[in-house]
Structures are given as structure tokens and as C-alpha cells.
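Worksheet: the structure to be examined is printed underneath.
Note that the chains take the letters A, B, C and D in the order they are written out, and that residue 1 is the start of every chain.
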Amino acid sequence: MSASPLLDGALALAAAWLAIGFAGLAAWSRTAIVARLLFPLGAAVGLALAGVALAALGAPAEARVLPIGLPGLPFHFRLDALAAAFLALLGGAGAGVSLFSAGYFRREEGTPPGLLGFQYHVFLAAMALVMLADDAYAFMVMWETMALASFFLVTANDRSAEIRRAGYLYLLIAHLGAIAILLCFGVLQANTGDYTFANLRAQHLSPFWASAAFLLALAGFGAKAGLVPLHVWLPEAHPAAPSPVSALMSGVMLKTAVYGFLRIAFDLLPAQLWWWGAAALAVGIATALLGVVFAAVQADMKRLLAWSSVENLGLVFAGIGLAILFGAYGMKSAAALALTAALYHALAHAFFKSLLFAATGAVMHATSERSLGRLGGLLRVMPWVGWAALAGALAAAGLPPLGGFAAEWLLLQSFLFTPQLPNGFLNMLVPVVAALIALVAALAGYVMVKFYGVVFLGQPREEKLSRAHDAGGWERAGMLWLIAASVALGLAPSRVVEALAPVTRLLAGAALESAGGGWLLVPVSVARASYGPALFLAGVLACFALAWVLVRRLYHGRVRRAPAWDCGYPWQVARMQDTAEGFGQPIRQIFEPMFRMRRHLPTAFDARPRYAVEVGDPVWHALYLPVARAVEATARFVGRLQQGRIAIYLAYSFATVIAILLWVTR
Amino acid sequence: MSLPGAASQLLEIALALAIAPLFAGWVAQCRAWLQNRSGPGIAQPYRLLHKLFHKDSVLAERASPLFRAAPYVVFGCMTLACGIVPTVSTDLPLAPAADAIALVGLFALARVFISLAAMDVGTAFGSLGARREMLVGFLAEPALLMVFFTAALVTGSTSLTTIVTTLSSQELLIRPSLALAAVALVMVALAENARVPVDNPATHLELTMIHEALILECSGRHLALYEWAAALKLFAYACIGIALFAPWGIASAHAPSALLFALPALVGKLALAGFLVALLETLSAKMRVFRVPEYLGMAFLLAVIAMLVKILLGAGPQ
Amino acid sequence: MTLTGLAQQLIHLFAALLLLLAFAMLAQRRILSLINLYTMQGAVLAATAAAMGYATRQPHLYVSALVTAAIKVGVIPYFLHRVTARLNVRWDVETLINIPTTLILGIVLVIFAFDLAQPIAELSSTIARGTLGIALACVLLSLMMMITRSKAVPQVIGFLAMENGLFFAATAATYGMPMVVELGIALDVLIGMVILGVFLFQIRQQFDSLDIRHLERLKDQ
Amino acid sequence: MDPLLLVLASPILGSLVLGLVGHRRWAPEVNVAFSLATFLAAAALTTDVIAHGPRHALGEEFFLDPLNVFLVALTAFVAFTTALFSRPYMRVEQAHGRMTPPRLRLYHSMYQMFSFTMLLALTTNNLGLLWVATEAATLATVLLVSVYRTAASLEAAWKYFILCGVGIAQALFGTVLVYMAAERAGAGALLWTGLDAVKAHLDPRIMGLAFAFLFVGYGTKVGLVPVHNWLPDAHAEGPTPVSAVLSGLLLNVALYAVLRFKVLTDGALGSALAGQLMMAFGLASVLVAAFFLSRQRDVKRMFAYSSIEHMGLTTFAFGVGGPLATFAGLLHMTVHSLVKSAIFFAVGHAAQQAGTQVMSEIRGLIRSSPTVGWGLMLGSLAILGMPPFGVFASEFLILTTAMREQPWATPLLLLGLGVAFASVLQRVQPMVFGESSFAPLPQRPALVPVFVHMGLALMLGLWIPPYLVGWYREAARMVGG
């Protein structure tokens, strides 16, 4: 029996993923083996990993050093409650996505299936190892491997220039983020030269350097999580990837950023300053608002979901920011509450967003369409996918009794603690943030109604949609697993909060005291607030059933089918439904300052009048293009050095000698 | 769950189901009087429901099971909502399952379902109605939440029963924060219940309708359930207003006999509320749909200000 | 002692000559004259080495002087004459910077070099101390000549003149490098010349001219 | 017999033999055979030195210590794999009519000569001989660069010759000054071991001046900004195997020379002057090269600038000094050699396939020959510092040490690395991915070298063999003090 059974188990499972990946390389183009054998195996490994992680949640931390890595800095691994929580997320959501993938990768996606399987499983393994890493080098290696694997997965369909561009942007920003993280570790080690987390934890930085480290971590992990203004890659890369990969990226990979940020902000940094929390809160809420508003105006279903991921990650970071704020003022239980909310949200998002992306994958396979303007009415031709997506959409809309709502509920509850903060300015500010969060949550509902209504309801906007086929067995199994997890997360919040208690105890020094009896979620006391989704669901269902029975008993259940009424208009065609753009119009109008819009309006004399509107991201124009232009200008300037004349080159040599001589003899 | 508790819970739900159409009828009747018409009488909603239940449901050919399930979901949500808001008693076993925030979530759930059902058939009006409904919703929902937050800050709890108990046990104070919140709530309530100036339940004018566009394809029992649910919603909002801003007279757990007093008090307050709604509807004009966001934004702002006022004046009289 | 004194005088004279020749090369535009100046430089160098050898009784300096004379007075000038005749180049068209300016810059350089070498020269144990500054000046002047010329052949001559300066430095500062090094350097220079000659023909063949302005296509501007 | 003799004899013999038969059909195999012999001899030499420690050889004129023996092994290895790559490459060039038999003979002969000069420069104990060997390496490579006789290759070779000639002349001046200092300190010869023993007694003023000249001189060959101008031209216009050895080996040898003199200068001056110079120029190289990268159209030219960037980074690391940074520098030298030569192998095949070196005309390699495409992609990502390849390990060490020792430089280095990343990836990605219409190559491309190099780089990123660590540490102790 080894001294660290759980950690060894987790490492072995990560290694198993790697092994599956290499098996994929061996089965280069044999789709059947890759899809029917390797992916389900990967799902099994994911489940096992989730099991190990759940066992490790309550157990004491385990550590191990492997004899590889740098001399003087071999790979350190450690499994504590924080890592375990995120590993459980990875294993659970990963298992569902892998199951789905087993049915999904039936055709070539551009990359040979074996290679795709390799990249996919390396991606999973790298994410697992990121969470286990206990020194900066191992962390960075795994972090970048994860980015690299996902980059190749994103560009799996590399024939399209647009996808290549998305992949490029993604890897670039991921790399810049990694540089910031590296710098952050550099600040944290405080000139000791020892990059193990144990040493980083032991350093006592001055407030200035601690703040520098914190801001670097926020930038670095924010780049991965898609926080404003580093979010621009996300709405490009997630839609470009094959759907299961989008699911993994949105559902799981973004959470590694949350993990990393928590690791640094709560675990490695010694003490927290209140304005860190305010900064994270501000960035988080800005991200959430931008994400949801942009999601509402998208006309591409995967892009819409990607923006929605931006929103959700924004909410998670807002929760973390609040936790830091409370922690800085020593309000441990409030910090624990906010942290629980953030973790809960991350967890819920992992499952419902994976589910939604999986559903879009099935839709794309069936229709080869991504544009909302060419979909519609799919619930009738692909009921499995349609109902699965409904569960996902309701969860994503933050509706009770599903998982998304429980997280939002906790987050809003934690905001009610803010009046106890000993800082008047924050007291004023935080309620406004709470209001914005409420707005974001409500808008999320808008977005999801748009998504679901346009894709699955109404009349099919294209002829071919009526021939679409439903998802296969593997895909159904994968989606069912994700639904089950989403529903379980929604209905048993007290269990989830209990499971997360070791994490908050580790990070915030406290846990939610009374998780309530059984089905009721009680963060503080019943008199203060409580929420019982199971009871809630039972109530709704009871009313539902009672109404259904009574109506039939007292009256009748007769139904007649007839053409739709539509105020008596007889020539109804699919084009008369609201389009995605039309559905987004009110949002475009209300939040006009947030967009960079280009409208094409027809004039009275147009032979073929056409209306077009293009919604751009102002951040792109305000930040990225100037930077690109500056680099270009500098490069042009530098280019003059190499202007072809040998005499000038000799003059450089001459001048250099003279300059160095002057320096040397000075 | 205590036996009296269960009784009062059941009583509350039954009461809501029974009174809600009457309340809607009362509002309509008051409007008629204020507009110098004679009106259909306050029992008209019952007759309407009875008629609709009798009729066959005519479903569009394209309608999916979602379309058929939605009325029941919406009705269930609204019933539950009425069961949670303390009207006659605060001893409600269902109340811990959903606090104020969950109540808002419950309304959202109903709204999402009704909108999805409207989009299901795929007609021009259905999707138009869904869009407008969601537009109203996403602005009204946070405003309502902020109203609750103000009350929660005053009482230190989001549990509706606690809020009501705390507010009713305090002596009468003028609280500027609550006053502002009350205004916001009224504005939200008008919008959410498809009342003038946001919507007009009495017309089918295509360019302006919201609620009616949503249920345009419904008939028979489905329509009846929607209508009943709408009445329940109006009733629930009225009860929320009463619970937050006029909570006196609601029976607490320890005095079941107080129910006897609570009932007439409730009826009185409702009658007043209904009259107020009718008065406001008569005094204001229907606004263009484009103006609705401004109106609701104002409500949202008022609610936030209410909360800020609460925090600003936290030390003094709230 | 007097003999050493005489040798020292001679060496100083040679050093001055070398500097003068370097300036002359900087000012000269005719290629044939440049080659002749280069030959003279070679002769002076060989003489310096011989004088040093005589003064210090180091036989390997005589060998060095002989090798220098053979290569720098014999082989290379002959080779350069052959090349210019075959390629039919006589004049350098225009220098890139006009000659008076070049000369003024040259004087500045000489002052700089002297200033730089002054403290070090005193450390030198050889009798030719003080000439290190001149050697450095020669190197820098030759480098400047390379910068200002726009034809390939003068540039090559500049390169060779620079090498002369180095050789002078080696002799003046340290009584010459170890033998194996010296031979190696000579071999390198010789091979380099051969390669350069081949190159000149090829450049001529490719561009129909030896103007190095044709060699400005590869750039990143 | 001393394996060193074999190491030196094998390439020079190869040069003579190939000078006679280098145009035959089987000449590439002969070239490979000689390179293999050199490599085996180098391996024997290496094990010998590992077993018995540093020693003199062939009298005092040669010296073997951990610093140079590891470079000898690396040089012999990369020269061997490049010979392997050159075999199919040159056959294709012949088929395309770019190589005629006389040119091929020159190429093969000079290839071996070039190996010889580098090995000589690495193993010699005599600083004068070091200079002679470096100059000879320049001459050999000038011939190699100009082997196509095109206008561009002539121009490149001419510039290479003149600029490096001038640079190396300055280095000679520096060597003369060192000799002068040595005479004063009583070490009557230019033997490095002798000088190392008395370095504290060398006159600081002379050594300061000498280092200035030596640094510019050898720095020209390293390709440090602003005396780098020959490098992109020479890399882009010569045959690709030559680009590979230029980037992978010659630059290292020049940097090795700088390092040897840095040790002496540090000992004499007792100040950080040499280190400061190296840091400043290294940093400038990283930054300037990074910005150059974003303007390239020619693929080999781009990777040439990338070499400048990485040599700058290595120089910076050595400039920082101390065991850790020097260790990182040595590691970076190693992985850069491996990865950059692998990239040039892939690029060579790609350019042959596309018939052009212009990047915008090379598309979809992954379709026409997947292994070349993946080789180029992985190589580029590795050179950009993506883990798990070794370049990341060395960059991690360099950056983290820089953060400790020279915090001001870190943001600048990172800026350079970031810009380089954006520029290279932007160009490589469309070359590798997308649609392609190229015909496959007539010869099977040599992919073993590419993937062996990449495999080694991958290994160094995850696990550095303990004896290699010991070696590096030993060398770092010597160099970094």
C-alpha cells in the first residue's frame, strides 16, 4: 500500500488517458476502434477519476514527487480538496463528453480519427495533471500542453481559413496568458529560486509584490477563462472546434483557469487585500454582462453558447472576487458562502454547457448547419436531442430547480452579507453589482429562450431539416449522463455544498455551517434563507399533475388538430417567424453603446432592398487592433536595420566596436 | 410539518385558486366603473374559465408535446407561487422550499415555458410575443429581485415568512427605501401582468400585444389554464405587495385562530389593491413597445435606489 | 643598445609610414594605385617584422617577415593585378561619402585610437610600445574605407589592409603570435583571397558589373 | 589511439575523399559514412572524457572538458543527421537541375571540411588556433552558401564573407591583445588552460579592450544584433542542409568562443562587464529579431531570424551568469540546435515540394506529406517555447533566473518571445494546414532526422538524463563561476 493511494490512482488514471491517446495513434485511421473502443474507455477512466476525486475530497492531502522534470525541480504532484473538486468536475463532465464522442466521431473531421483521439485524450490528461501539479514547472508544462492539445483539436477541421484563424488567435492569447502566469510564479517565489508550491506558499510577499502576483494571475488565468478584455478568442475558438471539443473546452478547460486562479489567490498568496476582490468582482461582472449581451445578438448557435460561457465564467469570477473581499475583512463564513457559490456555478456550468454543446454537435451532424437562420423545428425530427437540449437550456437559463439556479441563488445570498463589510464605499457598490448579476441572470434566460426556440421550436427554416436524423445510442448515453448530473446538481444542493465544504475550509477557512437537513439548502439559518429544489419540484409537479387529472375528470381530454391560427393569416411560411437577428434586436437597441454596429439600410431606390446588421466587439477595435498596428509599426521601423547595403552593415559593425570600446574604457 | 401548518398551507392554495379569478374580475369591474361602463360583473372570469374548459382544444398541426405541457407547467408554477407568498398565515410548510429569490425564479420558469410554447408552432405572432415577453421579463425580473433585496436588507432574511413576520411585528415607520421599492414593485407588477401602460389585456391589436400574442394558438382547456394562471399571477403580485408593504394582520404560526381575522383583512386589502390597479390603468395610456425598456429600466433603477437608500441610511430610520 | 635604439627608431618610422599609407588608401580612387599602396604596406610590414627580429634576436620573426613579404608583396598584389586586368576595372566610380569628409573622420578616428591605446601601450613590454595605437588606427581606417567604397575590388583591398593592421598589431605588441597561429592566419588569408577572386568573377558574370550596389537585393525593408 | 585524433581525422579525410569522388552517384552515402564515423568517434571521445574527466590531448594543443566535449558530441551528431537529410535533399536538387556534379563535389567536400573546422575550433586549446579554425569555417561555409551560383546566393555569400571577415578580423585584434596580456602575466603562449590558470593576473585594461574586439568579432558570427546582417541572407540562400548546420552548429561554436574569452575576461576584470555586454546584446537580439520575424515572407529567412532570437536568449543567459543561468544557456544551446535543425529539415522538404521558399505559396503540407507538415508544426511550436519540448525547459530556467537576477529584463524578454510567437505561428499555421495541391516528392523525404531531433527535444523537456545534468553543471561551474 503506497503512502498516497488516491494521488497515485489519479496519476495512474491520467496516465491511462495518455495510453489511450497513444493507442489512438496506433489505430490511426480505424474509426471503428477509436470511436467504439477508445472513447468509451476514456469515459470509463473519467468516471473512475471522478470517483477517486470524490474519495479524495474528504481525505487529507497527498503528495508525491516523480523523478522527471527539471534537475532540481522534478515534477511535484499533490492532491488536496481543491484539486479533488476540480478533478471530479473533469472526470464527470469528461466522461459524458467522451461517451458522446464515441458516437460523434463517425466521420472524418479533417484530422484522422486516431490522431483526434490522441489529441483528445492528451487534452484530458493534461487537464488532470494541471490540477495535480504542485510546482510551477509541472504546472506550466501541463498548462501549455493542454493549450496545445486543444489548439490542434480546435483546428481539426483545418481546411477552413476561418477555423485556422480562430485557432491561431486562441493559441496566441493562451500563450500570452501563460506568460503572465509564469511571471506570476516568478513573483511568488520571491527570489528563493525554489518553484515548488510548498515554497511559494511559505513566502511572505510585500503588499506590492503580492498585488503584482495577483494581477498577473488574474490576467493569465483570465486569458484562459475569457475575462474581458482577453475574451476575444473564446467566441471564435469554441465554435470552430468539433462539438465534443467545444463541450470540453467550455465545460472543463475554462474551469482549469478557475482552478488556477483559486490556487494562487487563496492558496499560494499569503493574505488577501480587499481591492483584489473588488478588481476580480469588477472584471467578472463586466465579463458576465458583455458575454450575455453578446450572446443575445448572435446568429450562430455555437457562437451563442460560447458567449454564454463568457458570461458564466464572469459570474464565477464575480463570486470569487466577492469571496476574496469577504476573506480580506476576515468574514470567513461569508467568504465560504461566496466561494461555494462560485464553485457550484463552475460545477453546474461544466455539465449543462457540455450538454448544450453536445446537442449542437448532434444538430450539426444531422443538418450540417450552424447558423440559427437556417435551423428550426428540430424538436419534432430529433426528439432525443431536443429534450436533452431543453434540460440544458433550462439549466443554463438559471431556472429552478436545476443546477444553474442553485449556484445563482447562493451567489445572490452571499451578496446580502455585504452590508456587514466595514467599508462604506464597497457597501454602496456591491448592491449595484448584485443588481447587475440579477440582470445578467435574467438575460441568460432571454438568451436560452432564443437559442432553444430558434433551433428546436417553430417551423424548419430549410427544406432539408425535416430529413434530419436523431442522435445515436452513444450520443444519447452521453447526453443522458450529462442531464442526470445537471439534474442531480440542481436537486441535491445540500449534498453538493457538503461535498464542497472541505474545499472552502481549505481556501476560506470556513464552510457553510449547516448544510440543512437532507433536501433543504440552508446557508445560514432557516429564518434567514432556505431553498429546497426537490420540494419545489415536487410542488410544481403536484400542481401540474393535479391540474391535469382534475381537468380531465371534471371536463374532458378532447383535442383537435387544425392548421395554426396566427390571427387567421392563411399563407404562413417559415420565414415569417422571428429570426435570430430579430430576436436579438431589442437587446441590440437597449445595449447599443456596448456594440460596434454596422448597419446596411436600404434606400427608397434600391432595386433589391436589403437590410443587414453586423455586430462587432468594441474591445477588438479598441485594444487588439491598436496593439497589432503598434507591433507592425515597430516591425517596420526595425526593418530598416536590414536594408541590404553592405556598407551600412559594415558601419554597424564599426559603430558597435566604437560604442563597446567607449563603454569598456569609460 | 405540523398539522395546522399543513392546513393553512392547503387553505392558502385553495384560497388563491378560488379568489384569483375573482380578483381579476374585480379589477376589470373597477376599470369598467372608472371608465363609466357597467362592466361584466366580477364573476365573469369564472364563466369564462368554465366555458373554455368545456370546449375542445384545437391544436396546431405542428404543435409538439412541449406546447401541450406548457399550460400545466405555467399553471403549476403560479399555484406554487401563491402557495409560497404568505397571505393569510406565515406558518407555511412549503415556504422553506423557496424564498424570495426562488420565487423570482419560479416566475421566470413560467415565463420561459410560456414563451417556448409560443415559439413552438412557428407563427409570426407567436415568436413576436415570445420575444416581447422575454424582453419585459429580463428587465422586470431583476427589478423584482431588487425589491425583494431591499426588503431582505431591512429584515435580514430572504425568506418571505421571516420578512412578513419581521415587518408586521415592527411598529409603523416611514421607510423611504420601502416606499421606493413599493413604487418599483407596482411598476413591475403592471408590466408583468400585461396591464396598461405596457400591455392591454383587452385588445388583440397586433402591433402592441404581448401576452395575447403568446397564447394566440391556444384554445379550450389550455387557454383556460393560461387565463387562470394569469389571474393567479396577478393575485400573487398583489399578495407580494401586501406581504411586503402592508403585512399587518397575517396570522403567525402560534395563533391559528388569527386566521379568522386574517381572512377579512386580506379581502379588504385585495379589494383596495385591485381598485388601485384599475385606477392606475385608467389614468395612464398604453405606451409603444419601444418605450417599454425605458419604463422597466426606470423600475429597475428605482429598486436599486431603494436598496442604496437602505444602505445609506442604514443607521437611521430605514 | 644602440642597435636596439636604431631598430626602435625604424619601427616608429615604419609605423608612421603605415598610418600614412592607410590615409592614402582612404583618399585613393584608382584601383591600380590602391593595389600599389597595399603592396607598399606589405613591404613596410615585412620590414617591421625583420627589424623587430633583428632588435630582439627572435628568429621566428624573420620567418614571419619572409612569409609576409611573399604573400603580401608577392602573391596577393600579383593576384589583384591579374584580377583587375581580367575584369577590366580601373576606377572606383564614387565613394559613398566624399573624400574630404572621409579624411576628417579618419583623423578623428586616429585620435580616438591613440587615446584608447595610450594606457595599454605603456604596459607593453616590447620595444615597439606606442605603435599599438597606430595599429588600431590602421584597422579602423581600413574598416572605414570598406564602408565608403562601392565597388567590390576596393572593398577587398580594404579588407586586406585591415588584416595588415592586425598583423602590425601582432608584431608591435607581442613580437608576433606563436608560429602555428601565424601560419594558420597566413593560410586563411591566402585561401580567402582565392575564394574572393573566384567570387569576383562570378559576381561579374551574374551582374555584368562589380558595383556592389547590385548586391542590395536581399533585405527586409 | 586517442579518439580525438579520429574525430579530427575522419572529416578531413572525408573532405579529401569527397573532393575526388563527391560528384558520384553514391557520394551522399559516403558523406553519411564519414559523418557517422565522426559521430562514433565523438561518442567514444565523449565516453572517454566522462570516464576519465577533463584532459589535455596531443600535447597541450588540445583540451577536453565538459564544456566542449558536449558541444563536440552535439556537433558530430547534428552533422551526422544533417548528412542523412542531405542525401535525399541533394538528390532532389540534382533532379531539379540546381546541383550539377562539380557543385555536388564541392558541396560534399566542403561539408566535411566545415565539420572539421568546427570540431577543431571546439577542441583546440590554442586561442589562436581557435581563431584560425573559425575563419576556416567561415570560408568553408561561404563556399557552401554560394553553391547554387544564383544572383541571390552570390550576394548572400559575398555579404557573409565580407561581414564575417571583418568581424573575425576584429576578433583577431582581440586575440592579439589577449596574447599581449598573457605575455605580461607570464603565460607565454595562447593556451587557454594556461591563461585560465593565471587569469586573475591578466591586465584588466588590456583584457577589457580585448573582450570588446572579441565580442564584436565572434558576436558577428553568433549573429548578435546589430552585427547579425549576414545571417538571414546566408541562411535563406544556401542549400537547406547548410542552413541547418549554420543555425544548429556554427552559431554555437562562435558562442563557445565568446564563452571561453568571457571566462578569462571575468577572471581578469573581476567585474560583470562581459556579462553586461552579453546581456545587453542578447536582449537586443531577442527584441529586434522578434520584430523582424513579423515581416518575413521567406520561410528560411524567418527561421534564420528565429535563430538570432534564440542565440540572443542564450547569450543573455550566459551574460546573467551563475550556475543556474549558465546551465540554462547550455541547455538552450542544445535544444535550439536540435529543434532548429529539425525545422530546417522539414522546411527543406517543404520548399522542395512547393518549389518555392515563399511562405504564402506553401500551403497544406499536412495533406501532401503529413510527416513533413507535422514535423514543421511541432518544430515551430517547440522553438516558440511550447512545452513539453525542451526549449520550454530552458526558457523557463532562463526567465526564472532572469526574474531573480535581472528583473528589469524579464518584461522585455517576454515581449520578444510573445511577438515571436505571434509572428511565427501566424505564418507556419497556414503553411501546414489547409488545402494543398503539391505533387509528392520524387525522393522519400528523410524524416528520421526530424523526428529523432524532436524526440530528443521532447525528452529534454520532460527528463534530462542525469549524466547530462552532471555535465552541464560541470560546464556551468567552469563558465559561470
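To be clear about the criterion, contacts are C-beta pairs under 8 Å (C-beta built on N, C-alpha and C of every residue); 3 or more make two chains touch, one makes a residue touch a chain.
It should be emphasised that the depicted structure is a prediction, and the values quoted were computed from it without experimental measurement.
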| item | value |
| --- | --- |
| Smallest count of steps, each to a touching chain, taking subunit B to subunit C | 2 |
| A-B against A-D, pair bridged by the larger set of C-beta contacts | A-B |
| Longest centre-to-centre distance from subunit D, chain (CA-based) | B |
| Centre distance in Å when subunit A and subunit B are each reduced to the mean of their C-alpha atoms | 35 |
| Averaged-CA centre spacing for the pair subunit D and subunit A, given as whole angstrom | 43 |
| Inter-chain centre distance, subunit C versus subunit D - centres from mean C-alpha coordinates, in Å | 31 |
| Approximate Å spacing (C-alpha centroids) for the pair subunit B, subunit D | 78 |
| Set of subunit C residues in contact with two or more other chains | 116, 143, 146, 155, 212, 215-218, 220 |
| Shared-contact residues (touching 2 or more other chains) in subunit A | 639, 641-642, 646, 650, 653, 657, 661, 665 |
| For subunit B, residues contacting two or more additional chains | none |
| Pairs of chains in contact (touch as defined earlier), listed by label | A-B, A-C, A-D, C-D |
| Touching residues (chain side subunit A, partner subunit C) in the complex | 639-647, 650-651, 653-654, 657-658, 661, 665 |
| Parts of subunit D lying in touch with subunit A, wherever the complex brings them together | 158-159, 162-163, 166-167, 170, 205, 208-209, 211-213, 215-216, 220, 225-227, 229-230, 232, 273, 277, 288, 291-292, 294-295, 324, 366, 381, 384, 386-388, 392-393, 396-397, 399-401, 403-404, 410, 414, 417-419, 421-422, 425-426, 429-430, 433-435, 461-464, 466, 469, 473 |
| Touching residues on subunit D, where the partner in the complex is subunit C | 61, 126, 128-129, 131-132, 135-136, 139, 142-143, 146, 149-152, 154-159, 161-162, 165-166, 169-170, 172-173, 175-177, 179-180, 183-184, 189-190, 203, 205-206, 209, 232-233, 236-237, 292, 295-296, 301 |
| Subunit C residues within the subunit A interface of the complex | 96, 112, 116, 140, 143-144, 146-150, 155, 212-213, 215-221 |
| Footprint of subunit B on subunit A - complex, ascending | 376-377, 379-380, 390, 394, 397-400, 405, 409, 412-413, 415-416, 419, 427-428, 431-432, 434-435, 438-439, 441-443, 445-446, 448-450, 452-454, 457-459, 520, 526-533, 535-536, 539-544, 547-548, 551, 554-555, 558-567, 569, 572, 574, 576-578, 582-583, 585-586, 589-590 |
